[in-house]
Amino acid sequence: MTEILTIAGQNLLSPMILCFALGLAAALARSELTVPEAAAKALSIYLLFSIGFKGGVAVADHGIDARLLAALAGGVVLSFLLPFAAFAMLGVLTRMSHIDRAAVAAHYGSISIVTFVTATSVLAARGITSEGYMVAVAAAMEAPAIISALWLVSRSGQGRAEMDADLWREILLNGSIVLLVGSFMIGLVTGAPGLARIESFIVSPFQGVLCLFLLDMGLVAGRGLRGSRGVLGGGALLFGVLMPLAGATAGLGMGLALGLSTGGVALLMTLAASASYIAVPAAMRVALPEANPSVYLTLSLGVTFPFNLVLGIPLYVAVAGAVTGG
Amino acid sequence: MTEILTIAGQNLLSPMILCFALGLAAALARSELTVPEAAAKALSIYLLFSIGFKGGVAVADHGIDARLLAALAGGVVLSFLLPFAAFAMLGVLTRMSHIDRAAVAAHYGSISIVTFVTATSVLAARGITSEGYMVAVAAAMEAPAIISALWLVSRSGQGRAEMDADLWREILLNGSIVLLVGSFMIGLVTGAPGLARIESFIVSPFQGVLCLFLLDMGLVAGRGLRGSRGVLGGGALLFGVLMPLAGATAGLGMGLALGLSTGGVALLMTLAASASYIAVPAAMRVALPEANPSVYLTLSLGVTFPFNLVLGIPLYVAVAGAVTGG
Amino acid sequence: MTEILTIAGQNLLSPMILCFALGLAAALARSELTVPEAAAKALSIYLLFSIGFKGGVAVADHGIDARLLAALAGGVVLSFLLPFAAFAMLGVLTRMSHIDRAAVAAHYGSISIVTFVTATSVLAARGITSEGYMVAVAAAMEAPAIISALWLVSRSGQGRAEMDADLWREILLNGSIVLLVGSFMIGLVTGAPGLARIESFIVSPFQGVLCLFLLDMGLVAGRGLRGSRGVLGGGALLFGVLMPLAGATAGLGMGLALGLSTGGVALLMTLAASASYIAVPAAMRVALPEANPSVYLTLSLGVTFPFNLVLGIPLYVAVAGAVTGG
Amino acid sequence: MQTHKARRVEIIIEAPMESRLTAALERAGVTGFTVLPVLGGSGRSGRWTREGQVGRQGMVAVVCLIRPERLDTLLEAAFEVVERHIGVVSVTECEVLRAERF
Amino acid sequence: MQTHKARRVEIIIEAPMESRLTAALERAGVTGFTVLPVLGGSGRSGRWTREGQVGRQGMVAVVCLIRPERLDTLLEAAFEVVERHIGVVSVTECEVLRAERF
Amino acid sequence: MQTHKARRVEIIIEAPMESRLTAALERAGVTGFTVLPVLGGSGRSGRWTREGQVGRQGMVAVVCLIRPERLDTLLEAAFEVVERHIGVVSVTECEVLRAERF
């Protein structure tokens, strides 16, 4: 317990979280501060490239771990199953339409890579290592949840999901998956000598870049929250906090079953607890245009993302440490 | 005197000033070289964040200085009063309309944060320290001058200033104030440990980023100058050089009265000498649409900004050193 | 021979080339991964500034080399003459129209600065030094080829080239020439002390930035290739590989005649072998609007650029080493 | 296809005035509008380009499709805001699909 | 100068649907179109701006100049794509130079 | 509100030609125009998007509101520049506020 509080306190007072809070506050106060779209996208490319590359180098260093494939499969299973839990929980807590519930469920089965990146930086600050291939697991968990959600819609007969080959390609080859997996493989191939050549670009400035990126995330989340006041009822807000906890619990079980390290368990909990706000929303606009974007974006970006960032991650790290004895 | 020449010489041959000169020359020669708007904005976010954060950390390290509040008040007073001096000087030197004079006056009471940043980098290069809270003073000096200018207009009855609650919010919560104050507070809270985590992002590359940013400022200033040939007469040009000297003198007096360090005095002189070209122009377009933007932009960005950068800052640093004996 | 294979192998497995390959693969697989235009332009500004500055500092350190002017003249001569070789080779290998041949020829006489930058990074990785003024040679080689191409068109009477003073200014003061020459001169003036101030910005992150930039180049080249399938016949493709080899041979001869160092010869070979895809295409759209942009862009960006990057540069470095005994 | 008469109003205005214009449009009962970026332009107050700018100066184009009978209310609301500022307002006749949206 | 009657169709649509719309236009025999960026807007589904977005959400404007006789085919193709999605379609009469291009 | 007849000319042209076009317009006595960015498009010379580009290729849209009687001068000036280049020109009838501005 004190462990949790210590981590939470340290986390709360880290420059990253304070930057996020600054962005949130600025947006809620209607400041015109903005990070240009192109700059925010460039920062996210940097973060994805850096984390993928470092993951690949870590795997190259330690040799391909036998658990790599098992972990990938475990992540995919989680991403497939979590939407069902989310869908059911929304049925209990809210009066959302069938389609909205399915769309939200897709988001919570998928993952938020920024939440993942922030968790890796919390682990790094505490000196906890993790499996390098967790970035590959993150990539593998992006898409399966979409299938579950579309299946939930088609089963109900209350809507029509528009899936075509183009959409599948867009989902599976979306920018963050390609960049994450691609840079992971580059890191794997070039290993430590490759890292040495670009270390002062992708390692040292990483946490500072993350600060600016989270500042922008705070601005975007805050603007989203302001624009959608009244969209979410109390039940939905509750869902936005309970669902990550449920996801983290599932991630914990899976992580232990896979025999991951303390850091690996904490990251899998974070992945399961996080909700997508880039890849899945775009897919939903195409496949389920009737679902209300305000609902799913506000939940995933306005509620769950801040919750994970501020309270969730320290909690998951502490629990993973306690359970694995790490 | 030799001191001034030495500093001026070193300053003139620094990469920053040469980058500014390159931009200016390229624009005047009508090269199509441009820094994309989004990139320039990203660079300015970096500079503001870095300088605010480092200021906060400095204050956290040395403890809250008793003079902090006094310095803030002193800055606000300067920003309120300088527009009256500017307005009067314009009346003597030029035949500008009442409204144009008021609009220009607002710019010179307010501050240019890039000029401030460049001055901190000149101080750093000479090993002169300054009060960390000077960035907060800079933020506090952005807005008051606008009030003075609008009062000058309403008093004259020769125009109508459109002020509404929205405009006040836009001015007080404009991007650079929020970012500067916000990152100052983050630095204050996280202190040296926070800085350690992001040092290689916000400290080491700082001067290089400033170079590219000044390159862009040179391009923008040069394009502005080309587009507004003939807008300014000799009197206005003279104002663009005399007013910063007047402002610096006022800043010197205030700095000595406040008992600031050598570096602090030099920075307050720089702030008082500098003229806004971001926040105030936008406010003027809303509040005083009849004022001619070419006049105030050309003066502040095309004349006073280069003057301060090249000659003003070394002069203020040398004078502050001589007067405080620092 | 083994030397070539070693260099080629090391090059192939460097993070830079793998990033380029990742971008190419992503684009060919129709992933929606993109680097925002503003970010890509910002990266290229960084690369040009950094390489120009470092070149200037190198010249400042070693003193102005007597061969500087000769090297500039040599580069200009190459740029003037190579279009004739290209034009003739296209006549033999393809059935392109006169105008298309001239337009393509202009590209191959001019240079690709990214190819040059990549070559400097390969040299640096192998510890081979080169003349700092090679960046000035690169800048000098951008424009002359355009004149040769327009002369080829006007001589033939089969088209009309639209040249005006504006176009000359646009070509001679295009962004990359101005930035390269400007930062070279800044480096020359500020020398090692200037470098020390911005070293952690322009030196250490350089190779990492190059990685992200080449990722984007891969994406752009891949999208270009997809969009222009069928535009090039086998003869044109062959030209895209043979012409750089011919250019490199000319560059080798010129480099030896000039008495350049091993690194200098390798860089001059690279410059001669590379083809423009920024400055020249824009000039061709204005001067020779009837020439088909798909043809020259696909050849220079889709065929020759990857060829040089992957095979050409290691070959030129190895040959330069073998011939100069460096 | 079934189309319906409407008007397309295009207002080019300084960026700092954008939020004031759209607020006025909303007060005037306009149900929708679209904001497009502007790179540069020229008019009585001279030539400008986005590249010669720092900060959020510059202009935007606000496009508004509206039923013909509501045009006058819109123009009055827009004029109120535009009056003292630089910028231009143009109105074109057009047809729209899905009239229920306007 | 010699001009020719044509129609200018403007379709404002969500960015993720852009490639589907342009593919449908091409299938309907449209020979050309231009895509413009959109900064923000407002409609039945509320207000949005590019700044309140992550990823590739947002909208684009697709402008299509077309011979009058081809208008119906185009509108049907566009409607097919737009139908279930947010966005607006407007048609204006216009004149074009160089009719051979359309 | 009082409006005045005018024409809205929209010229979509390659970015390297922009300055030549606006210079020609100014020589033809055009008092104002607005330049909008273009993301991509398709035409006789094929499909292009801003993302498949390096450097300053790409296109822009130049919008020009003009009194009807000046239209021909404008079109001739524009045609001069556009003639050998890819791009399209369209003209729409419109009404403008504040006629004294045109």
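Here are some notes:
Chains: A, B, C, D, E and F, in written order; residue numbering restarts at 1 for each.
In this section, a contact is a pair of C-beta atoms (placed from the backbone, for glycine too) under 8 Å apart; a residue touches a chain by one contact, two chains touch by 3 or more.
Keep in mind that this is a model prediction, so the values were computed, not measured.
Annotation of subunit B and subunit D: not jointly contacted by any chain, touch as defined at the top. Taken together, subunit D and subunit F share the touching chains E.
Chain centre most remote from that of subunit F: A (centre = mean of CA atoms). Distance between Cα centroids is largest for the pairing of subunit B with E.
Subunit B and subunit E have CA centres that are 45 Å apart. If you average the Cα atoms of subunit C and of subunit E, the two centres end up 39 Å apart. As a whole-number value, the distance joining the C-alpha centres of subunit C and subunit F reads 34 Å. Multi-chain contact residues of subunit B (touching two or more other chains) are listed as 32, 34, 36-39, 42, 170, 200, 205. With touch defined as above, residues shared between interfaces to two or more other chains in subunit E number as follows: 36-37, 49, 56, 92-93. Contact annotation for chain pairs lists A-B, A-C, A-E, B-C, B-D, C-F, D-E, D-F, E-F, with touch applied as defined. Interface of subunit E with subunit D (complex): residues 10, 12, 36-44, 49, 59, 61, 72, 75-76, 78-79, 82, 88-93. Taken together, the subunit F residues at the contact with subunit D in this complex read 1, 3, 6, 8, 22, 26, 31-37, 60, 63, 65, 92-98, 101. By the touch criterion stated above, subunit D contacts subunit B in their complex at residues 14, 16-17, 19-20, 45-57, 84-86. In the complex of the two chains, the subunit C residues touching subunit F come out as 34, 37, 40, 162, 166, 170, 217, 219-220, 223-224, 227-228, 277-279, 281-283, 285-286, 289-290, 292-294, 301. Listed in rising order, the residues of subunit B touching subunit C in the complex are 13-15, 18-19, 22, 25-26, 29-39, 42, 125, 200, 204-209, 211-212, 215.
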